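A, B, C, D, E and F label the chains in the order they appear, each numbered from 1.
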Amino acid sequence: MSHLPFDPLLLAIVAPLALALMIGLGLPKRWSVRLAYVAFAVPLLMALHAWWHFSSEPQVDGYAFLTRYSTGLDGLGIGLKLGLNGISLPLFVLAGVVGLAAGLYALQSRAERLKIYLLLLLIMQGGLMGVFASVDVFFFYFFHELALIPTFIMVGVWGGRDRSYAAMKLTIYLTAGAMISLVGLIALYVKSGAHSFDLIALRAHLAAHPLAATLQSNIFGLLMFGFGILVSLWPLHTWAPLGYGAAPSSAAMLHAGVLKKFGLYGLIQVALPLLPAGLAHWAHPLAWLAVVGNVLIVGLITIAQRDLKQMIGYSSVMHMGYAFLGIATGSTLGVGGVVLLMVAHGFSVALLFLLATSVHHRTHTFAMDEMGSLATKAPVLSALFVATTFASIGLPGFGNFWGELTIFVALWKFSPLITALSVAGVVIAAVYGLRSAARVFFGPASARFTEIMAKHPVSDLLWAEKIPALILLAALMFVGFWPKSLSDPINAALTRTAATAVQSGNH
Amino acid sequence: MVDFYLQLHPVVQGLLKGLAVILVIFPLGGLCSMAERKVSAWIQGRQGPNRAIVPWAAWIPVIGPFLQRIGLFHVMADGGKMLFKEDALPGHVNKFYFVLAPIVAMIPALTTVTTVPFGAYLDPSGQVIPIGLANVDIGLLAVFAVSSLGVYSLILAGWASNSKYPFLGGVRASAQLISYELSMALSVIPVFLWINEPGSEGTMSLSRTVAFQSQPGFWGGTWFIFLMPVSAFIFLIALFAETNRQPFDMPESESDLVGGFHTEYGAFKWGLFFVAEYAHMIIGSAVFTLLFLGGWNPLPWVSLADLMNWAHHAIGSPLVIHPLVVGLISIGIFLGKVILGIFFFMWVRWTVPRFRYDQVMELGWKKLLPLAIANLLAYAIGIAIIQK
Amino acid sequence: MAVKIVERKPLTFAERTYIPQILGGLRTTFRHLARRKETLEYPEQRPTVPTGYRGVPTLVKDPHGREKCVSCQLCEFVCPPKAIRITPGEIAADAPTHHVEKAPQAFDIDMLRCIYCGLCEEVCPEEAIVLQKQYSMTGYTREEMVNHKDRLYELGGTLPDQHLKWDKKKSAEEHGNDRH
Amino acid sequence: MTLEALKLAAADNTWSALYPELTLGCLALALLVLEVVLPKRLHPVIPDVAAAGVLGTLVGLLFNFHSVTLGADTFNGLLHHSAAGQVMRAFFLLGALLTMLLARVSLARQPMPRIEFYHIVLVVTAAMMLLAQSNHFVMLFVALETLTIGLYILVSYYRTTTASLEAGLKYLIMGALSSGLLLFGIVLLYGVAGSPALPAHSAEAMNYGELARFLAANPHNFLASLGIVLVLSGIAFKIGAFPFQIWIPDVYQGAPTPVTAFLAVASKAAGFTVLLGLCGANGAFAAYSSLTTPVLTAMAAATIIFGNLAALTQHNVKRLIGLSGVSHAGFLLLGVVATAHSSLAAGAIYFYLFAYLLASFAVFGVMTHVAGSDDADQELDHYAGLAKENPFLATVLAVGLGSLAGIPPLAGFMGKLFIFVSAFQAGARWLLVIAAAGVVVSIYYYFGWIKAAFFETWTPPAGSDTPARPTPTPPGMMAALALGALAFASIALGFYQGPFGQWLTLR
Amino acid sequence: MGPFLFNLFAVFSVVCAAGVVLNKNAVNAALCLLLSLVGVAGLFVSLEAYLLAFLLLLVYAGAIVALFLFIVMLLDTKGDARPTLHKLPLLARVMAFALVGAGVGSFVVRGQLESPDLSRTPALGASLKLYAYQLFTTYLLPVQILGFLLLVAMLGVIVLSKKFDGLDDIK
Amino acid sequence: MIAPTLNAYLALSVLLFALGLLGVLIRRNTLVVFMCLELMLVASTLALVAFSRFNGTMDGNVFVFFILTVAAAEVAVGLAIIVALFRKRQTIQIDQLNTLKN
């Protein structure tokens, strides 16, 4: 049991939501801001607490901190069941860290109507914590949507160029994805016959009574495409760069960094263990889609980008291709790599968005052609940006490296051809990453940037920006230097689920 | 003769009945018009029509002058005039409906007569058998239903005339007739509540109401006018309104509408309206007699059977209780009451001035209807207590 | 003097129902029903004509059967509806009444115009025009309704007064006015 | 028929079982009496009396939820009391209460008399409550007609505007036509089921139970089938299902906004209670499910498709919400289709209806406040910049629309989820696909509305001869409280269903 | 007598009903409706439902159609000003005819019911008492509801057509 | 001569109903449309009475009461609406009632 007199997971979810509610009911701005620090910190503290105590906690089927709260739908097998296993734990921590960083960044951003902005961000944060703490598939989905809604509004209200169009497109794509995955989940629920959305119960039930192979592949297809849209699987990815390009930085950080991982997380936690035959059916199509679409095509498109934020958006889409590849392998190694990549990419992409916004504050543009020589004015910013770019390319020393490496290793077994193609992607990533860094920070300043610099004095990163950036960078480096701290529980959990999956796959 | 009649084809029987009705109602209507002239004259201290006579009647010593004095031949003269006068059809009217309206006026007038029993005879076992053309179980409802169709003639006449006064008359008529139907129907419900005691066969038959009023005993012998004066009062007023008689003759009030719905009519078509109005009056007072005045019973607490038995004892001849005699006597008594009723209509006409139209509506909706409802409630409760 | 305002009496309930009033009316009319009829059955019964009745205007003669009218035309002028038309004529010189000078050559009274006002009678200095008790003048044509002189005399007849003004005048002319 | 039999029959008239309806009836009469008795300056109190009475009835009903008559037939089988009936009673009372609250706002802008409105609402509500419990065609017809005729009046209540009268006339003609169809269907069923030549004929074939017995014994009777189809089409009119939805946009637009809300929610719900009573699992037509299921399935599919597609192009929000209501009817029909094979379906429909009630009234509440004196003229443009002018209304609107769209943390999502689950349980997969697509499409127009309120600013049209848009009425205390409560309930019911959820899922 | 009356009234009511549908003039249509109702009332009589027959006359013919006629005359509409038949309405009309025709046809072909022997089935509709018993015991609740319905209808008509203070839409 | 069987009555009532429906579909004058609606109701009552008579049941006859009352209320309200609308628009042709358009 937890050493705390309360449920840490529930607190992590409720704290931001409670503050959001209070703000909604009219808390004064001063208090809102003060309490927001607490509300963003609490989830991280709870996540760290959980991480610290994870191994020492009693576990049920790999899950620790299990508690169940009835919401009145016990008859349907729905209940708020919270718990963490080896896969969700890193992501839970990720959510806490990125959430805090995004929150801190938002608090210093002086956005107009800050209260509402905070409110939405807090809802997002609460939802994110809920997504990864839910054992119940229904609530897992539910919290995701809860976190997703504020994104639309934030893009629509605080967004940049084309925000109205972007918000609309985002909403429709993501809702469509959510609907498809919902249908898949319902299908799973109804066809499993377990009368429960509880993942543990479902797994146990399906281990005993596996579904027919065609059914599995159908449901897997629904989940794959549904979740795939949410994770920007090619060719349904077009919302992502547009949305990220328009989104305010904190929203983009949280969404790209954490929320987007929901789809992958769902595939790993739900689809892989429960529908092994489905994966077998879909693995190759998925892998080809990912490598050709996400990695190569999107990679090439990324190179062609002129807009910094869009570039980051496309790069994020491209990295998701690796994650899909890892899932397609279905092996413990590959999937473990995916989880690692998810965590590392979460940190790195959030940091990139943060830094990109900071760049914008100084250059008043996202167009890379109109920048240059920022390093001379803002050395810390450029250092951080370059480091993060390295991380995102997958250079050793950062979490991404380990993730990608394990995926490639696992992929080799799956298909050498695809491996070769995907490795080519790394080269592409290096090209656009380094080129962008070079364009923005080095080389001669463009005419326009000179003009801007003349008007606005360009400073280096302020402390208010530095702190969230450093938190993220620290986390990124931590994963890079000590991946074992994550991979152990991941592997343990994956082995456990793989065992059940193999069991049911044999039927 | 009766046997011969019964052997006829039903359709022929029906035709004969219809013919009888026409043959009775038309002259009756004429007689009523005569009566109206006489009564109005007498009330105004005049002699009334008393001059016209045809030569052959003048030769009859006493009767001839008498008929002349009471103005009988005026009726004939009028009838002849209406028949032979030029029947003008104004150019601006809707011809079809203009011609149709008076005919429509006659339909309810003639149809309702069939459902009204007008006499009774004693069968060998001493049972009182009512005489009527059609004895239907829902008699009164039939009368109401068919007479409610009378409104169409007024609406059509008013509309087809294509002229504003007739139109106003038609509009007034339709509103007035519909308005008063309500209180009329409500006012008679206590009567039927009273006669349909629990366990009996439910009926709305008019002859049954008469039979009830001829039963021995205090309640049974009472006429309903004593038992339910308010009902009778409401019914009477509504009857005035339904027949468009003064003081309710809004549809043709000559002081503001020239001639009302029949302004454009003349000659025979006008005559039909005229006859229809009197037919309605006859039927109205017949129904009133049946419901509230004991029908063919001679006096309150003295039924027809009592009278005939007493006469049988007094005279001793079995001829007295021969069905034909009893029938004639009962018809006589009944007709006497009906005539009294018609007289009352005329009496009121020459006493009470005409209402204004808004007064008519107010009286109907704001006075009579609540009164009728209150009356109904009171009797419903009272009857429930009495017949417990 | 202090003004005293008399309050209007509100109607009592019975009065507001109007039923007693209507019953009263019915009683009144019913009483009339049985009363003796006031109607005069005209051709058979005739009204008694009172003295002073202004009936048909006629011309009268004196007890000697002579015309009284001297066609002074006063009646013609006074007649409001201008119903009278007189054509004066001379009296023949050999006539015994030559001294009267004028007599109507024609005297028409249009009965379609006459309003029986009696002004002609009043104005006549000779009392030659007199309203009779006759009240019914009928005819089939308009012409028939114009009373000519002979018809007027026929209707009027002789006025039986012994005054005989013109005789006195003549004798006074002849014998001197001894009375004066 | 003897006196004793009569007394027995009369004894079955358990008036005490109808206390909520009787209260409403007496209250309605009391309003008229009060209008006469009270001096004119006290008349504004009368609507409050009505609302308080309804509230009292609602509270009384909830406290006596498990009254003694539950599960019994009263009034010689005219009525059947059940827990579902109690729930719907509460539903209609709530609907009436909210309608009255909206009417206070809306009627204040109109020169029409007030008290009659409340009177009619009360009577109509009582009729709906009886309809929900009717177990006999005579009762059904009489209650339905009382409800419909009351609504004719309410729809054309703002007789000073042509739109209201036109809407009233259209509703009248369509409503009367549907009544005619329904009636003829009833007559056919009654006649066939009473035919002595057929097995299991009954002298009291208007009773659902007797009819169900007859239909079970005569599975392929042409006349009975015809009757069923006619009855269904009559009901389809009331709920606005395809192809009988043509009246919806016009009538919704023309009717006074509170009445539109009442129509959209309560009237539709009444139609569905009838439909459930007839086509539900133990309904009168259960034996003919081979006929009703395809009919209803086709109807549901067409309704969803039509409603959503037609709503896409609307600019008048009343038409928009009307057509979106059509698609909601489609979702509910989906639930009705599922009742035959899913125990959850009926509960799902009830939940959906409740969620729909909360969300719709929230939206209509905002519409009432945004509308000007011309009630029919409520364009999407009028909402531009609402978030700046009145953030409270905008938030309530967003919550309401979100719930209608079925966005997760809100009650509407739970409703859709239940419907989808039950539909999947019943095997209506293609319907489910259509429904899911419908949800995505619906997001577009709902979000467009939210977008107008939040993301756009009002600019008067170029040709400035068009009059300025109406200024929103700031909500009064009661209205604000009610709207806040509705929005809050929409959110809370999404998270926590409690005893209501227990009842739904375990029935 | 029976068949004769049936055929007479049936033909009469159908012809008049067709008159309602096809007549250009609204007044004619209303009168056709009236006659059709009279025909139906006659059919009721031939079915021995006397009370209903006369109620039909009293309520429908006496009040409802009179009201119709009243309104038709008040509004003085000049018949159906037939609009030129556009393509769609024409199509709709043809479809309407086809639909209704097909419905009636299929009904006549397939909707056969065995006709019970009339002499052995009791004519319950002839007895007034039964109506009363049913209305005041079994169907008491609907009767009460109808009371409210009528009240509501009355209020509605008042609201929709009365002249109120401050409302100048009715002169 | 057609024998007055149940089928005959039924066919008759269906015919009347269909005529009413047809009128509702093809007529443009709202008053006439409304009349046709009433015709439909009457056709239903005819079938109801016929069924009651031939099946020897009572419910149908009683139902007719309710139908008649409902029809009366419906007509009253409907005509009030029509008159009110006519006062506003001076027309009752369905085609011309097009205030409500998107």
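The rule is short, and it goes like this: a residue touches a chain if its C-beta (ideal position, glycine included) is under 8 Å from a C-beta of that chain, and two chains touch if they have at least 3 such contacts.
Note that the coordinates shown come from a computational prediction; the quantities given were computed from them, not determined experimentally.
Between chain A and chain C, the least number of touching-chain steps is 4. Chains that count as touching both chain A and chain F, per the definition above, are D. Distance from per-chain Cα centroids to the pooled protein Cα centroid is smallest for D.
Chain centres here are C-alpha means, and the one lying farthest from chain C is A. Summed over C-beta pairs in contact, the chain pair with the top total is E-F.
The distance from the centre of chain A to the centre of chain E, each centre being the mean of the chain's C-alpha atoms, comes to 68 Å. Rounded to a whole number, the gap between the C-alpha centres of chain B and chain D is 53 angstrom. Note on chain placement: the centre of chain C and the centre of chain E lie 75 Å apart, centres being C-alpha means. Chain F has residues 10, 20-21, 34, 50, 52, 54-59, 62, 66, 70, 73-74, 77, 81-82, 84, 88 in contact with two or more other chains. The set of chain D residues touching two or more other chains comprises 138, 142, 145, 149, 152-153, 156, 159, 191, 195-196.
In chain C, no residue touches two or more other chains.
By the contact rule set out at the top, the touching chain pairs are A-D, B-C, B-E, D-E, D-F, E-F. Partner chain F is touched in their complex by these residues of chain E: 2-4, 6-7, 10, 13-14, 17-18, 20-21, 26, 29-30, 33, 36-37, 40, 43-44, 46-49, 52, 55-56, 59-60, 63-64, 67-68, 71-72, 74-75, 77, 79-83, 92-93, 96-97, 100-101, 103-104, 107-108, 111-116, 118, 121-125, 130-131, 134-135, 138-139, 142, 146, 149-150, 152-154, 156-157, 160-161, 169-170. Within the complex formed with chain F, the residues of chain D that make contact are 137-138, 141-142, 145, 149, 152-153, 156, 159, 162-163, 165-170, 172-173, 176-177, 179-180, 183-184, 187-188, 190-191, 194-196, 201, 203-206, 249-250, 253-254, 313-316, 319, 376. Chain E makes touch with chain D in their complex at residues 107, 110-111, 113-114, 116, 121, 130, 133, 136-142, 145-146, 148-149, 151-153, 155-156, 158-160, 164, 166-167, 169.
Residue ranges of chain C in contact with chain B, taken from their complex: 22, 25-26, 28-30, 32-35, 37-39, 41. On the side of chain B, the complex with chain E involves touching residues 10, 97, 136-138, 141-142, 144-146, 148-149, 151-152, 155-156, 158-159, 167, 170-171, 174-175, 178, 181, 201-204.
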